[in-house]
């Protein structure tokens, strides 16, 4: 059900963005959409009875027909609460909900509640007891028919509530609690209003007068925003229950409107007060919190029907008008809830350019009312109407002068309006001039509409001149807010200059001789960029005009360095190039055949040795003949061979330690055997010598 | 003049040759051994000159084994030569025993360094 | 009865204790929101709701509330701070700009929003974080070619920007089609600062000036150098988001349509909501937060980690990298994680390959230079936390018995040695027994 409303709303109303600072938009469908968004039932109920009441009241005020169906479950809980002896607060909200849903409640229940409430009222001491009981009785008056609800001791109750008030207009919650709060003041005023309406006989007018004075004192403490919105704020943050400005102001508004509705005579509030309060509530826009939305809508509904003055809101659907599209100035006047205003005319008192307050462009013009769209339209602007920032001063004139007391029109309303149009730019040219003589070296026409670029060159003794003309649609001169000439060096260093102008002509001359130091002595190619823009210029542009090759002198030693340019973050990170270690090239080895050849060659001298020995005719005649010496000699040579074989194994496989161990053993043996052999040989040769 | 020098060289050569044949066989054996060792070393040096000194430890090991054993043989020759007045009292067997032990130690070192 | 109640309370408290911020569980849970007006809680409710739906617990306080405190005796009460109080002149309680900077320095995140009436205090905090707002207090960002077409905003201060940072990890993988609405002040980044990034930049025709007064001298901030929203990733992985516009996060901007000047396309919904939500995911570590664990290395063929390598060894290096997804550590998949074998300069730099389950590995040969090396992983990617791992390992040269033996080149030398030994043997026999 709710879903059907949504696409409709999206289609029609989802283009507007926000309200201007001094323009307040009345309640619109964006609030209705938000209400549907925020108030969503869970399991057929909206949570507590207080929340249910807030939802139902909001939907009621906003006129939303597509409510989620919660009647059954809610009525059930309502009748449960009303039947049992629940807390006073629950009773109050249950009756509130019942007032909207109109559930079927038996008369006996009403009677029992009424008697209970009367007892409570008689013994009531704290403000909340008064508030809830009186409020419940007031609701019962509307809902039940048979029960007698008039209060006997209205004066006494009035006095007891009044007794809790403070001198500055605020109220205490109870006589025990010394803290006073503005929120409590609102509750108290509502309770007092209830007492007055329930009283069987009239309340003493003096007492009502003192309460009115209290209200005036309360309104002395009102706060003000710059745009004229008025609100109340709790001073003490740590109070009994902290309420923000919205909740506090809503409470006061409810109390004020309730009290003025039941009392006669006027309240001497300053004229703009109601208007200021309306501005506060409208200035919130669309709240994102359910309770805030309820407070806003409920307060505005109270203001819409209050007896002091009903505010009429003047709003403009568009404050930016385009001369090229021939937009018309449209004004809408509604009540705060967006409903139709009484018959009235909107008049432009004066309209002037925001810079020159004295000269008015439009004076005393009335807007025509279009009955189909309910908008007040200015048929046509004057012929000489030009682009610019205007301030329009509007005034609402009611047709029926009697209604001037009922409605508050807000006096003179100033609205800033932007009238935009296409600004003609022409006669643009760029030139390089020789410094002292002023003669033109190169001059080129610029086409600022097209895409062409120019290419220039200059040195530090020359000047660069750029000029162009700007004209409004009416042909007057135009001074845009933004007219920049930017020179950007290849390394990224940028320099910006403001192009000054008078009337229609805009000109800038860059004398490079004076700018050499500012440019950090950087020679090279500079890209030229021209940006012209203004809030009312529909064709604001940024154009790359071309480039200029500048030749500047060398930087002296002490010259300032150009500023660091930012590193592009995308190239700053990223994987680095892979590195693999280049190993030391292994030695170049000769072919195996060469090594083998030389291996063979190495054995040649050995063979030569053997052959030589044979040639010399060696013999083994000296070998011992007898057995023992022969054995020893044999063993001697054998052990030498063994050692050599051990060395061979050492080379092939063994390590030094094993070899040394084996060598030790063999060595001992060798020495022993060798000694025997050699001493034998020595004795033999000595014998021979002596013989 | 040249002819006289070549004639002198020839005469010198002849006298050297005849003197050498007078040496005992033992010494000749030792001489032959030394020449054999030196030739082996020369071949290794020539090889190194061609291919470079890549396994330098092996090269040193090979060359030193030849040179070392040659040196030891020369020492043995000096000590065993009967005409050498200095070593008259030293028994040739003793010299030989030294020679053998030194050679064995030399070869141990060589094999360790050979790689 | 009371005993079971106590137990029950403890059990219900346990999840909160478990979800407290810790390096193992980097998502922030408790966030302090400082406002200068409680109306902001209502007008920015969509933003806060989106965060709350992801499991964050908010503490909304007025910025000058005298009871606010970030920490006591070194223990921090909150995991992150959102400062939506652009006009605050002085904080209440024990909070001041030094306390906020300490908060960030200890690794916690910050979202700061300024606006066109930003106070000195907020500008100062932003400067300490690394961005410089325009010094002129009345200046706002104006753009006459990239503004939002609007019937009610005529001074071109409401701009539509689509110059977003090109990083899927910061702004999400789904492209933000509609431009982002912005209304507020601009700032620039110091070019020497490598930690700051422009998340949303202004167009080249933008400038920062007071719209109500004429310009006599060129403005300080112009063009694309103006950053509208910046993000900072500190070296301790704290993330900061600084925005020049508080209304960028407001319900009004979230819900409104947008049409950029000069473009015919009209979008029904601006890109603000997607942009803010995605950025908040990045700021609160739900994306782009990496951890590297289990660094292992070993020789090819073995499994133990040796205390020392030898030159020319083949080795394998393994590391596991995970990314925090907001709820759990997911394996991180990328193809640009590199490891360096480093001693004064990288000798080997290799890209690690992944098995897509978070394990990264590579194999290479140890260089033939000996010394004390380090396995260094320095991973820096735009938007991700920096991974900086280093493990020292010595590399030794060959032992005396590890060299090559029996080289063919040396055959002649082997031959000569053995021939000498043979010759010696023959000689001993001949010498003794010759007559």
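The first chain written gets the first letter, and so on, giving A, B and C; residue counts start at 1 in each chain.
Here, contacts are C-beta pairs under 8 Å (C-beta built on N, C-alpha and C of every residue); 3 or more make two chains touch, one makes a residue touch a chain.
None of the values given here were measured: they were computed from a predicted structure.
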Report which of A-C and B-C is connected by more C-beta pairs in contact.
-> A-C
Of all chains shown, smallest offset between own Cα centre and global Cα centre goes to C
Between subunit B and subunit A, distance of the C-alpha-averaged centres to the nearest whole Å = 99
Cα centroid separation, subunit A vs subunit C, in Å, comes to 20
For subunit B paired with subunit C, centre-to-centre distance based on mean C-alpha positions, whole Å = 79
Where subunit A touches two or more other chains at once, the residues are 589-590, 595, 598, 601-602, 605-606, 609, 613, 618, 640, 644, 647-648, 681
For subunit C, residues that touch 2 or more chains besides their own | 407, 409-410, 412, 414, 416, 419, 421, 423-424, 428, 430, 432, 434
Going by the touch rule set out above, which residues of subunit B reach two or more other chains?
-> 25, 29, 33, 36-37, 40, 43-44, 47, 51, 54, 96, 100, 107, 111, 114
List of subunit B residues in touch with subunit C within their complex | 25-26, 29-30, 33, 36-37, 40-41, 43-44, 47, 51, 54-55, 58-59, 61-63, 65-66, 69, 73, 96, 100, 103, 107, 110-111, 114-115
Subunit A partner, complex, touching residues on subunit C are 38-39, 41-46, 62, 65, 142-145, 148, 150-156, 158, 165-166, 181, 189, 191-192, 194, 197, 204-205, 207, 209, 211, 214-219, 222-223, 251-252, 255-257, 266, 268, 312, 336, 338, 340, 346-351, 364-365, 367-369, 380-382, 401, 407-412, 414-416, 418-419, 421-426, 428-430, 432-435
Considering the complex alone, what residue numbers of subunit A touch subunit C?
-> 10, 14-20, 23, 237, 244-246, 284-289, 292, 316-320, 389, 416-418, 420, 479, 481-482, 484, 486, 494, 496-498, 529, 531, 533-537, 540-542, 563-567, 569-570, 572-581, 583-584, 589-590, 592, 595-596, 598-599, 601-603, 605-606, 609-610, 613, 618-623, 633, 637, 640-641, 644, 647-648, 655, 681
The residues of subunit B that touch subunit A in their complex are 25, 28-29, 32-33, 35-37, 39-40, 43-44, 47, 50-52, 54, 91-94, 96-97, 100, 104, 107-108, 111-112, 114
For subunit C, which residues count as touching subunit B in their complex?
-> 403, 405, 407, 409-410, 412-414, 416-417, 419-421, 423-424, 427-428, 430-432, 434
